[in-house]
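For reference, the structure I am asking about is given below.
Should a chain be cited, it is by its letter among A, B, C and D, assigned in written order, with residues numbered from 1 in that chain.
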Amino acid sequence: MAKDMTKTHSIYERRESEARSYCRGMPAVFTKAQGSTLTDREGKTYIDFLAGCSSLNYGHNDPDMKAALIEHIEHDGITHGLDLHTDAKGDFLHAFESHILEPRDMDHRVMFTGPTGANAVEAAMKIARKSTGRTNVIAFTNGFHGVTMGALAATGNGYHRGGAAMDTHGVTRMPFDAFAEGVDSVALLDQMLSDGSGGIDAPAAILLETVQGEGGLNAASPEFVRGVAEVAKKHGALLIIDDIQAGCGRTGTFFSFEEMGVMPDIVTMAKSISGFGLPMALVLVRPEYDVFGPAEHNGTFRGNTHAFVTAKTAIYKFWSDDKFQQELAHKTVMITTALNEIADMIPGATLKGRGLMQGVDVGSGELAGQICARAYEKGLVIETSGSDDEVVKVLAPLTTSMDTFRKGFNILVDATRDVLANTKIAAE
Amino acid sequence: MAKDMTKTHSIYERRESEARSYCRGMPAVFTKAQGSTLTDREGKTYIDFLAGCSSLNYGHNDPDMKAALIEHIEHDGITHGLDLHTDAKGDFLHAFESHILEPRDMDHRVMFTGPTGANAVEAAMKIARKSTGRTNVIAFTNGFHGVTMGALAATGNGYHRGGAAMDTHGVTRMPFDAFAEGVDSVALLDQMLSDGSGGIDAPAAILLETVQGEGGLNAASPEFVRGVAEVAKKHGALLIIDDIQAGCGRTGTFFSFEEMGVMPDIVTMAKSISGFGLPMALVLVRPEYDVFGPAEHNGTFRGNTHAFVTAKTAIYKFWSDDKFQQELAHKTVMITTALNEIADMIPGATLKGRGLMQGVDVGSGELAGQICARAYEKGLVIETSGSDDEVVKVLAPLTTSMDTFRKGFNILVDATRDVLANTKIAAE
Amino acid sequence: MAKDMTKTHSIYERRESEARSYCRGMPAVFTKAQGSTLTDREGKTYIDFLAGCSSLNYGHNDPDMKAALIEHIEHDGITHGLDLHTDAKGDFLHAFESHILEPRDMDHRVMFTGPTGANAVEAAMKIARKSTGRTNVIAFTNGFHGVTMGALAATGNGYHRGGAAMDTHGVTRMPFDAFAEGVDSVALLDQMLSDGSGGIDAPAAILLETVQGEGGLNAASPEFVRGVAEVAKKHGALLIIDDIQAGCGRTGTFFSFEEMGVMPDIVTMAKSISGFGLPMALVLVRPEYDVFGPAEHNGTFRGNTHAFVTAKTAIYKFWSDDKFQQELAHKTVMITTALNEIADMIPGATLKGRGLMQGVDVGSGELAGQICARAYEKGLVIETSGSDDEVVKVLAPLTTSMDTFRKGFNILVDATRDVLANTKIAAE
Amino acid sequence: MAKDMTKTHSIYERRESEARSYCRGMPAVFTKAQGSTLTDREGKTYIDFLAGCSSLNYGHNDPDMKAALIEHIEHDGITHGLDLHTDAKGDFLHAFESHILEPRDMDHRVMFTGPTGANAVEAAMKIARKSTGRTNVIAFTNGFHGVTMGALAATGNGYHRGGAAMDTHGVTRMPFDAFAEGVDSVALLDQMLSDGSGGIDAPAAILLETVQGEGGLNAASPEFVRGVAEVAKKHGALLIIDDIQAGCGRTGTFFSFEEMGVMPDIVTMAKSISGFGLPMALVLVRPEYDVFGPAEHNGTFRGNTHAFVTAKTAIYKFWSDDKFQQELAHKTVMITTALNEIADMIPGATLKGRGLMQGVDVGSGELAGQICARAYEKGLVIETSGSDDEVVKVLAPLTTSMDTFRKGFNILVDATRDVLANTKIAAE
């Protein structure tokens, strides 16, 4: 049963777990990265339309964050601070309060959790349960919230669910916006909760992404999100928006829900919150639900101070005025146009997503995979998404220049053309 | 219900969640750290006998790791690499293979999980369940394995368990070594598993720390650990050793179980594995149990490349020959001596722990808390541990100089004396 | 806290648990019963439109069953037979095979479970889980399957679910036929199961009543039941029909699903299966799913031999030819007509149910309760059903004579008129 | 896969589920039973040392109960009464109050549950959870409490647990009295519950049998039971004694715990409570914990009125004075003597149990099975018990005459001798 460990294999094959994944389709050994460009050991460069799955919204090694981080390290700034007060944490909190929370009228408290999105989701679910004295959390088809047992219960993906090799607990699944034709998901949810024999236990929370990043770039309509918010309120449940992938500007605004007329009780953030790709996660929680006692939810790395340094810089650089947000609006239009062009090449293909997390549902995971593989050969790092990996997903750094975007899309068009041509030939 | 947000409060009080903890008893704002010394905003210095709860075994801002990290950043090295191959990951794996695994005859694969200890534990439990097709994991009284729902099921602490506000699943609790007088915990476990009506479902794994760091520095005897390993084997369960706190040299050897004659099927590591206090976690798993499919357990930050850079440096610096380990042996003797002195001051106090994770059970959480608080005033950062926080726990950086150790212990002796004197006065 | 036990209270108030229920609204002490008539201690008679919640489909003390039972007892026939062979069990099985199973082309095996409906449901769910190796059972809004923990998970009623005071496990809830306007429940279920990220674990079984007796007399359309059967087959799940209340002729045929073109893998029966109101329950299971080992599911009273004696008699008397079934068809028409008349008296009222389990949804639990209370005063035992107890439910013995039916309905009309008049007066 | 249904097979093989059990080793078709004697279709008689697993403590077809039951049926007494008041229920409650509860100073309320022991256990667990707001129930190794999901969680037997094919929930297992050598089970339980990191959630209840009937006739010492009662009280848990098998005189007193100096908060009863072998179960609960709302726990057959009739008769006949109890004391001595004689025949064999539920642990399930099989051939119905079926268990009707006891034991001695002789021959 033991795998061969002979040294003729690469160190990755020899010693890294079979759980490794992206490296299988993109086997280069990467050594450098700047902005939207990755460079491998051989010096080959790649345009990055994956951006660490939206963890690198401001690109790789942003010069200002880089400078701030090096300065911090050079001066022996705190690296690991548990949940002690540090100047870096204070500075981040000031920046976050002034430029993110206050302008959006948010009185939320910031809880630094273990620095993974899953950890933030776990904390959020626990807070909702502790606040309400209820267990049940409503989550949606195609939602992805992480793979630790609490969060996994809320994750829809069957492959990931299977990895637990045991039943998950505490979550009820409902159809997401537009999941099933003719089904008003909000009305159905409300009715199941309202009926005394609906058989859905009173919920502690309703948990959703406004755009399901892993689930296939399904963008909820504002009406759906508002409807969910109303149902939550009506039934005494907290509204948790998981903005881990869709937050930090990815949809065009800092939070993905800003223009929807809702105010979540809890927001989870991770991925791009540090700005630099460093592990960091947090939970925003309205003061009345800030119910954890000291360290009741804890974690060794909840004070990753390097991340606080870059996160503060990111906020000042990108979110202290409107410029960046206006840029995102322009880029959104461009992305939509470019992806429409690709969708037009493929019969039945449709656009998915919103803002700078858009993609094309090409109808099958096989086709999407072939397009991404061909794009990689041509120097574009891009991935699929969706239940069947049927969506070619563009998650470029938000800071990608128009020129680089154009180059990337050109590669994508070429890759699509190549694959379609081959498919045609094969079919003949 | 909403908490007061007036700006007369500090940003931490105003915006940080009530879950913040260490900062309550140690309210300084820390700005710098070097070796075993922390410095606050006012320039006051503190000796660090907490070391990020054993995440800073090589001290703060080790100069070699610092240099390597700065160089990596300056050259635009990868920061966030998902699970793509990077030179930094490859270098770490080579170092870990050559200096850690091979010398110890370990054929384990390395799985990089989300960079928190809890995430590593979650992955380990899932691997055991998937490998065996069983659900039940045996864990022990006073074990601490994290607070996400899967790991929390294995954590004994009632306060943390309560934070879930729902039942946990999939874990059976058994008494740890020497937990109950006259009870042979291994024999009891074996008998309960052997009896067809013992009512304990066949286990996927037995999960333990060899020294329970949070649980009160309870050090398992080698006989107990061997006994558990035999019971695991006999009943078809995997042996998981959680070496998150006790590993990376904390007990005097790289792994805490090295001299016990057991070979765990799975080992979890985090805290000091990066060497520098950066978030990083991994699971070591024997090839035959490396059963996850690609990304079946995943996480955005599983490729925290900064951590790979410092982790590699740490291995070469501290573990490529025997010198460091010999140093640890000397320091262990010194710590034992110093703590015995303190124990002698307090009626009924006893020594706990092993290697460089030792402490004094002073009989009550109140007394232990007072001693730590007084020590903090005198410039020593130190914490309690145990069910009732009754153990004053020394978790200094392993690299702490003999001189600094002495200074730290002097403060601890003084603090203890002060507290005992006050207690006496109060009693009179 | 202790309740007053003074002997001025009746023995029921003094010693019976607060869980007692029907006796609160119908406080008579009953002493005799014959056919469709109950007699209380004072000699007052009541027409029985409740029939032990469909446990007395052949009326009280049917003379033939009574004679057979007395003869059995007089001759020292077995009373309690565990699961030993007895002549009475053999005779029942022969009758059940010849007159029930064979004519309907059913190759099902008969499993005698503990003599409660809940126990049969528990066994059915376990069989499905053991057969498929899956945990998840799909159940529906407003389904009622019992209140022991396994069955309760499938029961929709929030009041009963609350009685568990803990989470239930292993069941996913879906909307029943026509539960939500515009929602095709079968299509939704299929889509959620078909989508790889639908988040509903692969089901062991789909469990349903064709008419939800407790849930408000919601009668599933044959299309829905067939659709569910197809979805079950497509997704590798067993189809379990819970015919505990709707079976034994209640809907006009022996099984409630006979004319729907489906063949369930498992059928649960209880209530009227003994014919005489004696505790008896069974599970019908297709041979390929008859997977329990000897006594793997057991129960002391699984061989209630008195019940076998009466059950056999009931089958020969009522089901050895078509006469009874034809009678039921006539009575169904009459009941529909009579209930329509009542529905016409109440604005917005609608007919519910099918066959001899029909009722009127009067729009509110309060009104329905008042009507039943008034009917009771006038000598009619009748109950409500539904999430809000909003349905006045007729569950008369199937053997009730046309004349008695007429008398009962006259009382019901009068009671309704009285209540409506009072309501009007109160409103004025 | 389908089993052969050809009519050459008996109806039992053809149509009864594979779950059938006792009939496999004792394949006679029984037709009559009187006192301690069973008669099969061929007229062969058997002495009954199984008594419906203690459901027939007063023997088969006791003439007084039989007469009362026939009279009840002849006069069209209520058969199925839901939870309406009936004269029969009232009479039973009066008898139970006067002759059982009051003389023992018990203020408990009587809750009639679905008529199976498992249902009573489910109700008891729910009551404890609802009363305390806690989930966890402590149960013991080798306990047997039924196989519905709630009760099964408390049952230790691995074969029955496996039948669920899913995890059970809400129960923590602890070693029973004398389960493990040198382990003081009460002290261990107390310590695990007292330690803040003991990892056992605060219990709603501690559930135990004073003699584990199915688990191998393990008789708890009074000290153990008192200790458990104290631990329950100390930790705010209810004490539930499951007296389903050990109650109704089986241990020599009506309740098995009478002479132990404890007063359980909840007692579950079933099996012999009807006196006649009819399905009946109840929960005794102290008034302060009688927390169910009307029908919150319900069940169609909770008013099995035939059983009330015989149950009342049994109480008046056997428990209205001390005579029966004195008889039981004499018989206990005789049984102990007889079983000691058998134990002496088998090297290493030991006596198990207490009162009229005693047996011999013969060291292996194979030997015990052979002895019982041989005894059956010789006309004695007797069964094994224990994790490995290693105990030959005597559960004769309490009313068995000394003469019949002697005959039964003679058969048992002969059967043992035969088996031992054969074993010896085989070994030579």
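Heads up, the rule we're going with is that contacts are C-beta pairs under 8 Å (C-beta built on N, C-alpha and C of every residue); 3 or more make two chains touch, one makes a residue touch a chain.
Remember, predicted model here, so these are calculated numbers, not experimental data.
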{"item": "Duplicate of the A-C contact set - from C-D, B-C or B-D, the pair where over half of the pairs recur", "value": "B-D"}
{"item": "Label of the chain whose CA centroid is most distant from the centroid of chain A", "value": "D"}
{"item": "Chain A and chain D, separation of their C-alpha mean positions in angstrom", "value": "57"}
{"item": "Cα-centroid distance, chain B relative to chain D, in whole angstrom", "value": "49"}
{"item": "Length of the line joining the C-alpha centres of chain A and chain B, rounded to whole Å", "value": "29"}
{"item": "In chain C, residues with contacts to at least two other chains", "value": "135, 159, 166-167, 169-170"}
{"item": "Residue ranges of chain D in contact with chain A within the complex", "value": "166-167"}
{"item": "Touching residues (chain side chain D, partner chain B) in the complex", "value": "135-136, 139-144, 155-159, 161, 167, 169-170, 172-173, 175, 179-184, 187-188, 191-192, 195-202, 215-216, 386-388"}
{"item": "Touching residues (chain side chain C, partner chain D) in the complex", "value": "1-3, 5, 10-12, 14-24, 26-34, 38, 41, 50, 52-53, 55-56, 60-61, 66, 69-70, 73-87, 89-90, 93-94, 96-97, 101, 107, 109-112, 114-119, 122, 126, 129-130, 133, 135, 146-151, 153, 159-160, 162-167, 169-170, 204, 244, 270-271, 276-279, 283, 285-288, 290-301, 304, 306"}
